[in-house]
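Shared between the two complexes below is subunit A, which has subunit B as its partner in the first and subunit C in the second.
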Partner chain A sequence: MSTIRPRSAAGYWLALPAAAWMLAVVVVPIVLLVWVSFWGGRAFSTASPLTFDNYARFFANQTYLKLVLGTIVHTATLMVLTGVLGYCIAYFLVMKVRSPGWRLALFLAFIIPFWTSTLIRAIAWVPFLGVNGVINQTLMFAGATQSPIEAFLYSHTGITMAQVSLYTMMAAGPVVYMLNSIPPQLREAAMTLKAPPFVVFRRIVFPLTLPGVVIGQVLVFLNVMSDFATVATIGGNKHALLSNLVLLFYEGSQIRAASVVAVLLMLCMLAGVVVALRVVDIRRLGA
Partner chain B sequence: MGGKLGLRLTGWVLGTLTLVFLAYQWLPIFTLALLSFSGPTGGTTFPMNGTSFHWYEELWRASVMNDFKPPLLRSTLLAIACSATTIVLSVMAAQAMRGRFRGNGWFFYLMLLGLMAPGILVGFGFAIMMRLLGVELSWDTTTFLVQVSWTLPFGFLTMLAVFNRFDARIEEAALTLGASRLTAFRRITLPLVLPGVIGAGLFGFSLSYDEYARSMFTTGPELTLPLAVMAQLDRQLTPEIYAVGTATTFFSLIAITLFTVAFWAMRRSTAVRRS
Partner chain C sequence: MTVDALAASPPAKAGTAQGPARAQLDLELRNIRKRYGSFTAVDDVSLKVGKGQFVCLLGPSGCGKTTTLRCIAGLEEPDDGGILIGGKEVTQDPPWKRDIAMMFQDFALFPHMTVARQVGFGLEMLQRPKVEIAQRVQQILTSFEIAALADRKPASLSGGQRQRVALARAMITEPRILLLDEPIGALDYSLRETVMLELKLLQQRTGISFIWVTHDQNEAFSLGDLVVVMNHARIEQQGAPEDILLRPATAFVAGFVQGNNVFRGRMGEVLADAFCIETGTGTFLAPRALGAPPVPPGTEVSFSVRAEQITDQLSDRHVNRLTATCTAVEYFGSVRRHILERSDGEVLKYDQFGAHAARIVPGQRVTLGWAIESTVLHGRAGA
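And now, the complex of A and B:
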C-alpha cells in the first residue's frame, strides 16, 4: 500500500504533464528536423516537395565530409583522454583515499566547477592559450621556448585542452559510482587466493566497473559531439565541428542545410549510443 | 614485499595525477577571477598593470550595448521559474512511476531522451516548430518551454532515486490510521522527500541559469546572461568579460550554497523527527 494505487488512472494523470511537455518540446521538434531536411524548393513552407537533394549536396562536398571525419576523430581523442584520466582519478578517489575528510574535500574540489557555467569555464581558458597567454609566458620563463608557440588559442590543441578539463568529470563520475558498489570482500578473496594486484584489477575490478566506463564514455561522446560553444570560443572562426556547421547554416538562413547536418549529427550520436548499449545493458544497472 | 611497494607506487602516481588534474581544472577559473581585478590599462592576459575594481565599475556603469544587468535579471527569473516547474512536474512524474502505470517504461525512456538529446538539436528543432506555428520567440515563453525539457529529466531522476530509498511502510501506517491518500502524501510523504525536492530544484535552477545552446535558438532580441556574454565575446574581448564571468560564477555558487544549506537543514529535521 502506498499513496498511489498500483496501475490506477491517477498514474496517467500525474505523468501526463511531463510526458506532454517532453513530447511537444523534444520529440516533435526532432521529427520536424528530419522532415525539413528533406524539403525541396526554396520557400519555408510545409508544402515543399520532398527530395534527397539536400543530402546529395552535402555528401558531394569534400570539405563537409572531412568535417564529419574530423569531428569523429576529435570526439574519439577526447573519449580516450578523458576515459583514461577519469578512470585514474576515480580509482584514486575511491580506492586510495582512506580519510573520509580528504575524500569529501577532493570530491567537492572536483564537483564544484561542474555546477558553474561551462561557457564561462571555456572562456576562462582564453587568457591561458593566447600568444601572450599564461602557458606561453610560463614556457618562455622556464626557457623551454624562445618565441611563443602559436599552437594554443584558435587551434585544435587548445580546444582539446579545454574540453579535457570540462568533461573528465563526466567520465569519472559513473566509474566512482561503480567502484563504490564493489564489495571489498571480492578483492580480499582474490588477494587471499594469491592473485597479484594487477590481476585483481584486470580480472575483478575493471570488469565490474565496465558499465560505469561505458556510461561515462557515452556522456563524453554526446557532449563533445554537440559542444559548439567551446569550439567557437577557443577555436575562433578557424575551427569547426559538425555542430558548428549547424549553427553556421542556421545563421545563414540555410534551414535545409542546417537540418541535414543536424540529422547527420543525430545519426552519429544514435549509432554511438546503440554501440554502447550493446556493450552494457543500462536497465540492469539499477539492480 | 614487492607487491606492497608497487601498490604504494601506484597510489603516489595516481595521487599526483589527480592533484595535477585538479590544478588543471581550477587554474583557469582562478586566473579568470584574478584578471578581472586588473588595472584600467590591463589587457586580457598578464601582466595585470595594477589591481583595481575598474572592470567591475565599467560593468556597473555599462552603456545600453553591453549592459549585463537586464540579462542577469532575465536569467535569474527564468532559472527560478524553471526550478519551480521542475519541482512540481518531477514530483508528479516520479509519484506516477511508483504507481507502475501501463507504459511507464516508455515514459521513462521519454524522459531519458530529454537528457540525451543535445541542446543544439532540441533548440534548433523547436525554433523551426515555432516558426511554422508563427509564434514569436521570447526568453519568457519559448526559452522557458525548452529549458524545462532539459531540467525536468534531471529532477525526475533525482526524485526517482529518492522514492526508491523511501520507506513506504510509513505511508502505510498513515493510510491504516485512516488518512486519505492525498493527506498521507501531503503530511507524510512530501515532508520526508523534501531534501530530494530541493535537489531537483537545484538542478532546475543551475541548469537553466547556465544553459546556452537551447536558449540561443529560442530567445528573441532580449538575451539571457550566457547569450549576452557570448555576444560580448564576439564583439570584443576585454577584462570586462572576466568580471562578468567571475560575478556570475560567484552568484551561482551562492545559489548552490543556499540550496545545499536548505538541503542539510531539511535532512536534519527529517532525521530528528524519525528518531
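And now, the complex of A and C:
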C-alpha cells in the first residue's frame, strides 16, 4: 500500500489560504454582482426587491443587442487571426529554427513585449496608427497613398491590429508546447508510409497540436472579451464592446445595468469555454 | 502470428527494363558517406542486398548502422555515394517516393489514431478504395492476431501488441524493403525469441527484404542471411553468419563477436605451411594459405582463436600453447566457460561443452593449446 495518503488533513490546510483568498476576491464579488443585477426599485439598497426588470430593459434595447453580436463577431475575428498567425509562429519556432540558442532568442523577442502592461502596449500603438503616425508616414513616403489614411486610429481596424499584436503569442504559446512534445519519429513514420509533407501536417502534426490550439483560443477569447483598455485607447469613444459598456454604466452610476452586462459577459465567456472543452479533451495537454 | 494473408499476395515486382542483373538486387549502396559537422557517421559504406534477403546491420551504438538505415529510408541524405532500390536510383528521392517501409525502435505509433486507422494509413496514402483498405486491414490484423484491438488507441496497448501494430502498419503496403531499427529492443526478453522466429518466417514467406539494425549479435546471427558488422562508421566485415563467427576479418569483429580470444603481435618467420606470430605471451602459428604472406615480417598483426577451439587435453596437434591462471568458471546452458588470466594480464576464455565434471577450478594454473588451423589471422591489424 502506498504511503502517500491522498486525503490527509495537511492537504486541506495547505489549500486553505488560497481557498480563502479566492472566496474573498472572486466568489463573494461574483455572488454580489449577480445579486445586484436583480435589484429592482429606485433605491440602491440591500432591501431592494428582486426582479428581472434590469435584464428585460437590456434585451429590449436593439443597440445593446447589436453590441453583444458585435463583441462576439469581433472576438471570433481575433481568434481566427491570432490562431493562424500564432500557429505559423509556433511552427516556425519549433520546426524551422534548428539551433536552440536562436530558438530561445526569438522566443524571448516575442515574449519581452509582454513584460509591459496591456494598457501601455495599447497606448504604444497610438503613434503608429495616427494620421501622422509611423504607418501613414511610411505609406506616404513609399508613395502608396497621397493623403494619410484615417482608418487606422480610432477605428475598428486599429483595434483589431493592436489586439492581434497583443494576443498572438497567447495563441502561439500552447502550440509551441504541443509541437515540441511530438516525437520526430511520428512524422518520419508517416513519411515512410508515403505521406508527403502537407499530408503529414494535416493528418499527424495538426491533430496532435489541437489541444494546444484550443487552449490558445480560450486564452485569446477570454482576454479579448474582457479587454476594454485597448478598445478605449485605440477606438476612442467611437467604438465599444460589452466590456466598455460595463465601464460606461459604472461611470454613469448605473450600477444595476453595469451588473447586468457584467453577468452577461461572464455567461458568454463561460459558454465559450464550455464549447472549447467539448471540442478537445484539454487533459491531453499533459499527456 | 500466421502469415498466410501476406503470403497469399506476394509482391510481384521482379525483373523490369533495368535488366536482369540489376533487378536481382533489392538494394544497392554505393560508397555512401554522411557527415555531421566534423563527425563522420557513415563512411564509404557499400552493400548489395539480393531479392528477399534478410540483412542484419550489427555493431555497437554510434557505429553508423542506424544512420545507414535512415539513408536507405530517405530520412537522411548522404553527402556522397548512391542508393539504388530495385535497380532504380533513389539517392535524391524523399522517403514517400521510395519503395520501402520502416519500423521504428519505439514503434512510432500515431497516438491519436485507432489501430485499424493507422494500419490502413499506408494504403490510404496510396489512395486505394475505402472498401479495399478496410478488407486488407481486417485481413492483416487477423493474421497478426490483433483483430480484437482494431478500435483501440496505442496508449492502451502492451509492448508486444504495439510491436505487432507497427509491423502490420509497415507491411500492409507490401514494400520491396522493410527497414527495422532495433525492432525487438523494446520488448521483454521473454517475448523476443518468439517474435524473432515469427519475423523470420514472415520474411521468408513474403519475400520482402528485411534490413534489420541491431547491437545484439544473437539476433543478427540467428536471423541474418547476411550479417554486416559496422564500427566507427565503416563496414568491418560482411558475410554469412558462420563466416563472421568462424573467420572474423578484423580484430574488432573478433572482439565484438562472443567467444573469441584476440591476440595482437608482430609477424615473424614465414614457414612452409604456417606463419609465426610473436606476441607478449609467446609465439603462435597460423595456417598459411597459398601464396605470399599478407604482410611483411615485423608488421603488427592480430589473430583470434575461438574459446571452444582451445583445449586442456593436449596432443601433438595443439602446437600453439600457453599457460594461464583460472580466475572464474561460468555456466551458459550446456557450456562451461573458464575465464583465465594470461601472463600478459589479458583475459583468455576457454569453453567446454557437455555436462562432464569440471577439470579446471579457479586458482589453478593450466597449460592450454590449440591447433594451427584454429588460429584465424586477421586481414589487417584492425581498430
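Simple rule for what comes next: the second predicted complex is superposed on the first by the 280 of 287 C-alpha atoms of A that agree within 3 Å, B and C clash if a C-alpha of one lies under 4 Å from a C-alpha of the other, contacts with A are read in each partner's own complex, and residues count from 1 in each chain.
Just so we're on the same page, a contact is a pair of C-beta atoms (placed from the backbone, for glycine too) under 8 Å apart; a residue touches a chain by one contact, two chains touch by 3 or more.
Quick caveat: nothing in here was measured; it's all calculated off a predicted structure.
*Asks:* Should the superposition on subunit A be reported as showing a clash between subunit B and subunit C, or a fit?
*Replies:* On the superposed model, which is not a single observed complex, subunit B and subunit C fit side by side.
*Asks:* Could you say whether A:189 touches subunit B, subunit C, both of them, or neither, answering first, second, both or neither?
*Replies:* In the superposition, A:189 contacts subunit C only.
*Asks:* Touching A:137 in the superposition: subunit B (first), subunit C (second), both, neither?
*Replies:* Touch status of A:137: first partner only.
*Asks:* Of subunit B and subunit C, which one touches more of subunit A's residues?
*Replies:* B
*Asks:* Using the superposition on chain A described above, determine whether A:199 touches subunit B (first), subunit C (second), both, or neither.
*Replies:* In the superposition, A:199 touches subunit C alone.
*Asks:* In the superposed arrangement, does A:14 touch subunit B (first), subunit C (second), both or neither?
*Replies:* A:14 sits against subunit B, while subunit C stays out of touch.
*Asks:* Just how close are subunit B and subunit C at their nearest CA atoms in the overlay, in Å?
*Replies:* Nearest C-alpha pair, subunit B versus subunit C: 6 Å apart.
*Asks:* Quick check on the output: what are the common subunit A residues between the subunit B footprint and the subunit C footprint?
*Replies:* The answer is residues 196 of subunit A.
*Asks:* Considering only the defined contacts, which subunit B positions touch subunit A in the complex?
*Replies:* The touching residues are 3, 6-7, 10-11, 14-15, 17-18, 21-22, 24-29, 31-32, 35, 43-46, 89-90, 92-93, 95-102, 104, 107, 110-111, 113-114, 116-122, 124-126, 128-129, 131-132, 145-146, 148-149, 152-153, 156, 168, 171-172, 175-176, 181-182, 184-185, 188-189, 206, 209-210, 212-213, 217, 226, 229-230, 233, 237, 241-242, 245, 248-249, 252-253, 256.
*Asks:* Would you pull the subunit C residues touching subunit A in the complex into a rising list?
*Replies:* 73-75, 94-96, 98, 100-102, 104, 106, 108-112, 121-122, 125-126, 155, 169-170, 173, 179
*Asks:* Over in the complex, which subunit A residues touch subunit B? Could you list them?
*Replies:* 1-8, 10-15, 17-19, 21-30, 32-33, 36, 44, 46, 85, 88-89, 91-93, 96, 106, 109-110, 112-113, 115-121, 123-128, 130, 132-134, 137, 164-165, 168, 196-197, 222-223, 225-226, 228-229, 232-233, 243, 246-247, 250, 255, 258-259, 262, 265-266, 269, 273
*Asks:* Could you please specify the touching residues of subunit A with respect to subunit C in the complex?
*Replies:* The contact residues of subunit A facing subunit C are 183, 185-186, 188-196, 199, 203-204, 207-208, 287.
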